[in-house]
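Before I ask anything, let me first share the structure, which is written out below as structure tokens.
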Amino acid sequence: MVIIMKPKVSSEAIEHVTRLIEENGLQVHLSHGHEVTIIGVVGDKRKLKGTNFELLDGVDKVVPITESYKLVNKKFHPEDSCISVKNTVIGPETFTVMAGPCAIENHDQLLLCAENVKKAGATFLRGGAFKPRTSPYSFQGLEEEGLKYMEEAGRTTGLATVCEVTSLRALAMAVKYVDMLQIGARNMQNFELLKEAGRSGLPVMLKRGLAATIDEWLNAAEYIISEGNPNIVLCERGIRTYETATRNTLDISAVPVIRTKSHLPVIIDPSHAAGIRSFVEPLSKASAAVGADGLMIEVHPCPSCALSDGPQSLTFEQFKQLMGDLSPYIALAKRNI
Amino acid sequence: MVIIMKPKVSSEAIEHVTRLIEENGLQVHLSHGHEVTIIGVVGDKRKLKGTNFELLDGVDKVVPITESYKLVNKKFHPEDSCISVKNTVIGPETFTVMAGPCAIENHDQLLLCAENVKKAGATFLRGGAFKPRTSPYSFQGLEEEGLKYMEEAGRTTGLATVCEVTSLRALAMAVKYVDMLQIGARNMQNFELLKEAGRSGLPVMLKRGLAATIDEWLNAAEYIISEGNPNIVLCERGIRTYETATRNTLDISAVPVIRTKSHLPVIIDPSHAAGIRSFVEPLSKASAAVGADGLMIEVHPCPSCALSDGPQSLTFEQFKQLMGDLSPYIALAKRNI
Amino acid sequence: MVIIMKPKVSSEAIEHVTRLIEENGLQVHLSHGHEVTIIGVVGDKRKLKGTNFELLDGVDKVVPITESYKLVNKKFHPEDSCISVKNTVIGPETFTVMAGPCAIENHDQLLLCAENVKKAGATFLRGGAFKPRTSPYSFQGLEEEGLKYMEEAGRTTGLATVCEVTSLRALAMAVKYVDMLQIGARNMQNFELLKEAGRSGLPVMLKRGLAATIDEWLNAAEYIISEGNPNIVLCERGIRTYETATRNTLDISAVPVIRTKSHLPVIIDPSHAAGIRSFVEPLSKASAAVGADGLMIEVHPCPSCALSDGPQSLTFEQFKQLMGDLSPYIALAKRNI
Amino acid sequence: MVIIMKPKVSSEAIEHVTRLIEENGLQVHLSHGHEVTIIGVVGDKRKLKGTNFELLDGVDKVVPITESYKLVNKKFHPEDSCISVKNTVIGPETFTVMAGPCAIENHDQLLLCAENVKKAGATFLRGGAFKPRTSPYSFQGLEEEGLKYMEEAGRTTGLATVCEVTSLRALAMAVKYVDMLQIGARNMQNFELLKEAGRSGLPVMLKRGLAATIDEWLNAAEYIISEGNPNIVLCERGIRTYETATRNTLDISAVPVIRTKSHLPVIIDPSHAAGIRSFVEPLSKASAAVGADGLMIEVHPCPSCALSDGPQSLTFEQFKQLMGDLSPYIALAKRNI
């Protein structure tokens, strides 16, 4: 931590700040510049909890130097993580494709999806049993009934299964049926849910919040890992910007940024990012090329009748085509599907 | 709902769309323009659930006409609402000031705050017992112990009390001790929590999400009201933008926008919006002038030692000064405190 | 400037950085922390032009300490500036209202506006002769003809006049007819235009760019002042965000932020910020209450037939009403109109 | 254009609106819905210039149906354009790489860059002679001297040359020396400059504004094409968002969005988007994969001593490596370099 003093500050103000730091058992490094004095704080800054230097006389600003996330930080864990789920691995040598409907609507819809995405080469089945919807009058999900279909689909096809949980109650239900929990964008800072996911024993896919910075996202992951669960996969799904031509703005740079900051795998959800079906293919290719560890894609037997997010869902035929088109890009990235 | 067709679309495509609308029991109004054909849909569009017109052949885009929120919509409830909490009323004739510490740290801190904000003219005590914090290593709140102090402070001073709830568990605890629940920005789309708040019987203060549109915010309020609870106060607390000179960007225009869209009262939290103590006073005056129904302000006996959000908290002396400075603005707005 | 090294960096890397700094005639202050080493740079950092420390081995990041704007910086010029234009002054003791049509459409429209805004209490006439329009097919302004009407209107009413200039050619024309130049949001970083405005001898109103940070805005002002022209008034007119309920998002906090960073006056343009006529009145009151030095407001004899920005323009009657409603707020702010 | 009336509006209000439309020579289509009445306007809406329906009694909102850009609109020119510059073509069958220094610093730096980027496979030399810089105290470019070096470099290597112009003066100079003009992000809505570029006879590369929507960008291109110059290449260079981990947020989805809206080629500038050298390679691969028509990349003989944008510049060695790594992606996209 570095404390920057105002120009022409009194020596009393500087002494007051330095004394406060030293009283808390930390060391001070003073730099008297031409315009301003800078006070470097050396030591474990958690000892300073409850000391707000910004408010002290003569202080201009406080600049943090080290990140607040530790266990997910690449600086302290340089090797990339591999996350095992069922009989698959998500990590630097694989390209994992998760596919399925936005919402589970009924038994046959889900089983049909499972067979078809399996046939086309996906290794995960996605499907929502608890749907966070902007309006209370939209379809909210089949809940436990949907989870049972997920369990059946996973069993019969061999696909690993992932399902979003939107509350502790949903989480308690889901752990009985699925292989991986998903924390959605709207719950990225639902800290109670994050902690419970950390205690669940299941791997967790953590989507980026609608307007979360990458640092906030990694701090959210830190909530999960600090409960003892290192099996976390990050998922970029677009952020909110002023541009309305797409549903969200896919922040594809998040992939290389995460590579420099964390050892966790990161996949991309082009369906939610774009919100428009025809953009899923180019964005999927770009995701493979940029170095993502996989994709999450919405597929539906009849997108034009889907109860949720139809406009961004692929038909089975389109998904099969996509998987074929993707394969040379996956090969170029030296990954196995 | 209006469906805009692509230029030079075939008459088959138009017929297909119109047939689908009519088969669902709705009416069609066709307008053949020079460049494009427009199809107006007349009737209750909820009958069309699961029909994604965007995906049909020849459709360019779909423009919704009516809002998805109904019970909080001013169009169907033109009179402004008054919300009663304990012995106070929040609404068009009052200017309600809620004040207190960001986090409840101990018994004496809270009781001291309560006395001082009461003396200065506040009618609500705020205080966090459950703290949503970006990092898992930051102070997370006293939970039930804090709620007990809130109950005591409310009893001894007569202040109404409001406390953020971050989970169903927190909510179940809080209803036993406080007068009003707060749903924070990070939980604005925690729909399970919204519904439970709707069933709680207590009035609810709903903060705007970090990057929520006003329409999404009103849809979140619709979740509460649709469970039978019309006692909702909205709270604007700044939105996320690219500007970093303030913690968030206070969207002060949200107050007149809400006035045109909803009958619910709306207050402003300048402390979280600015994140810097010295901006609280000018933003509070602006809030009174723009027509807000009140303020939520952070106050602490010793901001420089606060465990949470110290830099934006006022001292007792500063708060007293603020209340004095505000009173002519409140009088100009023809409101009582 | 502070250079933060990566954890476990070699001592050679540290020496390389420090040697480079010292070779440029600056001093180094080293702080060896538990996790990282920090290198403080003392002296005039302009000597380091063309040395990109970010790229040197072992460097994690570079944190600037001092602002790049100097002449508009409050740190080096603590007293608030007063800008004289014709027979008026813009500064801490006045509240300046500039009003008039978005675009000058013809002689009578402008003269009628001038009389009416004068009668209602404005001291400046605004009016666009060069209109930057998103589409090339929209009305682009009367150019020199419009400027002549401005000159006549200023002469007959005694109002000071302000007109946007969008190019060097427009600027060269405008200096012959008006009292103050306006640089619009789209040209805030048209640096050639800024420099020419700095050499023009006329006071300049500099609008904030559509997505400019406050620091970029002050750097734009530095372009003008560094050419020898200190007569600059800043104008906040809303920034671009994801919210679409208003045309832009008025960043009202910019006023107190500017007060801490610069000595220049700052006014607010609620018409462009909101884009909707009915929001102009509440936002104008809020602007007076937050401490702005004035307002710029669009007025039109017949808003529903205006060639530009009609939806946000007030009628004469509405403007007169607004000025009456504002006067107690201006009095409270201890300012004269 | 569709006009949506408020609920329970009087029939007089509806008649007033329809009469106004018909008096302007257009036709009306009325749809009386259950909640609201919708008025469709059929005909050339430019006849309605100066009629602001938003302000009429009973009108809720006005929804435009057709885009304001025409000549760059894919709807009216479905075939993708090919732009010829010197002996190269930019379009659907090629992948054009433009490379060179951010700023031209001296003769040898530019000539060295030209040789090296040519050797590595680029077909365009980029280099800034007029530098728009946030601070007036930063290096502003060599101007005509720099242009002469560009001319020489283009002549000796055979590379096509592109240079940003920031004013009419710069444009008048540049046309004498370079093969293609660049309009930078800060000048995307410098409409005078756009028109002059349209009249210049040279092909134009138009960068997206810092916070421009895709529609505003296409309208800016319409300014150029409506002066008779159809030789326009769009360049996505990142937009401003709240995320600070990269300099801007690369909106990679802009490529497929442009494909649906316009026939103009679109390239990507990953150097400015990321602002960090190590992200250029993954973003370049993603650009090829997403279907872009090329790249603009910053290269410098010694990035750590560059006078502008060093941190995002590649060395010659890194650029050569990048071109090698890119070639299978370009082949996959079925394009020639």
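The letters A, B, C and D name the chains in turn, as written, and every chain counts its residues from 1.
As a working rule, contacts are C-beta pairs under 8 Å (C-beta built on N, C-alpha and C of every residue); 3 or more make two chains touch, one makes a residue touch a chain.
Note that the structure is predicted; figures quoted are calculated from it, not measured.
Novice: Which chain maximises the distance between its CA centroid and that of chain B?
Specialist: Between chain B and every other chain, the largest centroid distance is to D.
Novice: Are the two sides of the chain C and chain D contact the same residues or different ones, given that same means over half of the numbers occur on both copies?
Specialist: Counting shared over all numbers used gives more than one half: same.
Novice: Can you check which chain pair, A-C or B-C, has more C-beta pairs in contact?
Specialist: Top pair by contacting C-beta pairs is B-C.
Novice: I'd like to verify one number: the distance from the centre of chain A to the centre of chain C, where each centre is the average of its C-alpha atoms, in whole angstrom.
Specialist: 38
Novice: Report the inter-centroid distance (CA atoms only) between chain C and chain D in whole Å.
Specialist: Distance between chain centres: 26 Å.
Novice: Could you tell me the distance, in whole angstrom, between the mean C-alpha positions of chain B and chain C?
Specialist: 31
Novice: Provide the list of chain A residues touching at least two other chains, using ranges where the numbers run on.
Specialist: As it turns out, chain A has residues touching two or more other chains at 211, 240-242, 244.
Novice: Using the touch definition up top, name the residues of chain A that touch chain D in the complex.
Specialist: Per the stated touch rule, the residues are 211, 213-215, 239, 241-246, 249-257, 260-261, 273-274, 278-279, 282-283, 285-291, 328-329, 332.
Novice: Quick one: in the complex, what on chain C touches chain A?
Specialist: On the chain C side, the touching residues are 2, 4, 6-7, 29-36, 38, 40, 42-44, 63, 65-66, 75, 211, 240-242, 244.
Novice: Within the complex, which stretch of chain D touches chain C?
Specialist: On the chain D side, the touching residues are 46, 49-56, 68-69, 132-140, 166-170, 186-187, 189-193, 195, 209-211, 216, 219, 222-223, 226, 240, 277, 303-307, 310-311.
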